[in-house]
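Chain IDs A, B, C and D follow the sequence of writing; residue 1 opens each chain.
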Amino acid sequence: MTPDTFNRFAESHLPLAYQLGFRAEAIGDGTATVRMPFHDSSLRPGGTIAGPSMMGVADFTMYAALMGAIGQVELAVTTNFNINFLRRPAQNDVISKCRVMKLGKRLAVLEVTLFSEGDDDPIAHATGTYSLPPP
Amino acid sequence: MTPDTFNRFAESHLPLAYQLGFRAEAIGDGTATVRMPFHDSSLRPGGTIAGPSMMGVADFTMYAALMGAIGQVELAVTTNFNINFLRRPAQNDVISKCRVMKLGKRLAVLEVTLFSEGDDDPIAHATGTYSLPPP
Amino acid sequence: MTPDTFNRFAESHLPLAYQLGFRAEAIGDGTATVRMPFHDSSLRPGGTIAGPSMMGVADFTMYAALMGAIGQVELAVTTNFNINFLRRPAQNDVISKCRVMKLGKRLAVLEVTLFSEGDDDPIAHATGTYSLPPP
Amino acid sequence: MTPDTFNRFAESHLPLAYQLGFRAEAIGDGTATVRMPFHDSSLRPGGTIAGPSMMGVADFTMYAALMGAIGQVELAVTTNFNINFLRRPAQNDVISKCRVMKLGKRLAVLEVTLFSEGDDDPIAHATGTYSLPPP
């Protein structure tokens, strides 16, 4: 699974995320990096990026990292997702980095850290569980 | 805070949610009901509604219920959000219902249950914490 | 599964919970009520009951409610647990009430609400996921 | 705040954790390492360590790491705690490592990773939020 392959898959299968500009930039064996471009429509009161946009890119990055580990298993589905917002994001692209923490036969657990591009202090941290379909 | 007031606020301050058609249908003292209309762009592989769309409407409903309790406090912000996906949603509108579980001086904790319209079995359950600005 | 059956099971299989006095008082089809007796050793600074004691009774109550739904499936295991603390608990017994929100073939999702005995305002709210062994 | 200082504090203020043998082994500026000794009373069906024991040591480690960052602020309290269980723990001591991810004026967010001693693959991962008292 390369970033290009995943982005073409997203174009046809995750249309909202694709329209919002989410793009995988790197995918490894259980890791992924995704960019969410800054756009005014993502803003919320206070001039910061709305929480749900960050949830969306975090979940998208988990899906990419999982496919980096097990291939294009489309029917893997999120069963639990938890996010903590850490710092006010800048009006800038968000860089989302994921790694698989556990890959079992039936469940995978993943961790995502979100950054404003160019800043090393994370703006949010998420964990999620995916249920994997039987082989 | 009435549904109309909140929806006009969302139109100008939460543009993405408004464009996706999220609309408050009822707001009480610490409660809210929001409709997310079904649209093909919300689909994900398996023909179900994508998780992040459900996260988005859950968070939107929390914001509405919170404003139902304390008024238009725009700078209340989500600090933690947790969601469990319970059942495969139908290709139908999602009805999201929230109640405030705790309203403190600095933090509020809220619970949301999501339904496919016309079905009493919930499709997802979320809890969240909002940090309230100093008065 | 009756409360007596579950408490005898806990005595031999969940020794720490049993020693702390956790006792099921009611078990139904996917529901359970458990009492955690107040004891000085549960206190933390501020004169309130320590968070981990409440986590423990919440998880114990989930296990009881799950067995109320599917019988004595000992190898069901918690995969995710999330808790929000809502109010300072009194120096009193804690009453923990659980219901199953989803019972699938492989996963169950449960919700627990904790009360100080005699007070209707909840002190904590938890959700959890159990992984069920293959039949 | 040194490990000795924290352990003496725990002896008098967190009696249950102290009795279970939880001991800080290292405390830095927003970091902590805690050992939970293996004991038969921590077992659950399947011969593994019960989830609530791991929740307890994770929360204890957060408290230690937070005091490593801000000093002996006893009235910092957990408001949210989330844990994912990743692998079956061995019948061995658990080593719990925490770092502060965000330290604000009112809230701190912390991350804990739990290991069976001698094994580099984590057995559980937790995040938590502490509410900090006004200065």
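Convention: a contact is a pair of C-beta atoms (placed from the backbone, for glycine too) under 8 Å apart; a residue touches a chain by one contact, two chains touch by 3 or more.
Just so it is clear, the structure is predicted and the values come from calculations on it, not from any experiment.
Participant: Since chain C and chain D are copies that touch, is their contact same (over half of the numbers shared) or different (under half)?
Facilitator: same
Participant: Write down the chain pair with more C-beta contact pairs when A-D is set against A-B.
Facilitator: Contact tally favours A-B.
Participant: So what angle, to the nearest 5 degrees, turns chain A so that its CA atoms land on those of chain C?
Facilitator: Fitting chain A to chain C on C-alpha positions yields an angle of 180 degrees.
Participant: Approximately how many whole Å separate the CA-defined centres of chain A and chain C?
Facilitator: 33
Participant: With centres defined as the mean C-alpha position, give me the chain A-chain B separation in Å.
Facilitator: 21
Participant: Need the CA-centroid distance for the pair chain A / chain D, whole Å please.
Facilitator: For chain A versus chain D, the centre distance works out to 28 Å.
Participant: Would you please write down the residue numbers of chain C that are in contact with two or more other chains?
Facilitator: Each of 79-80, 82, 84, 109, 129 in chain C touches at least two other chains.
Participant: So in the complex, which bits of chain B are touching chain C?
Facilitator: 82, 84, 86-87, 101-102, 109, 111, 122, 125, 127, 129
Participant: Help me check something: in the complex, which residues belonging to chain A touch chain C?
Facilitator: Per the touch definition, chain A meets chain C at residues 79-80, 82, 106-107, 109, 129, 131.
Participant: Residues of chain C touching chain D in their complex?
Facilitator: So the residues of chain C touching chain D come out as 13-17, 19-20, 40-46, 48, 50-53, 55-56, 59-60, 74-75, 77-85.
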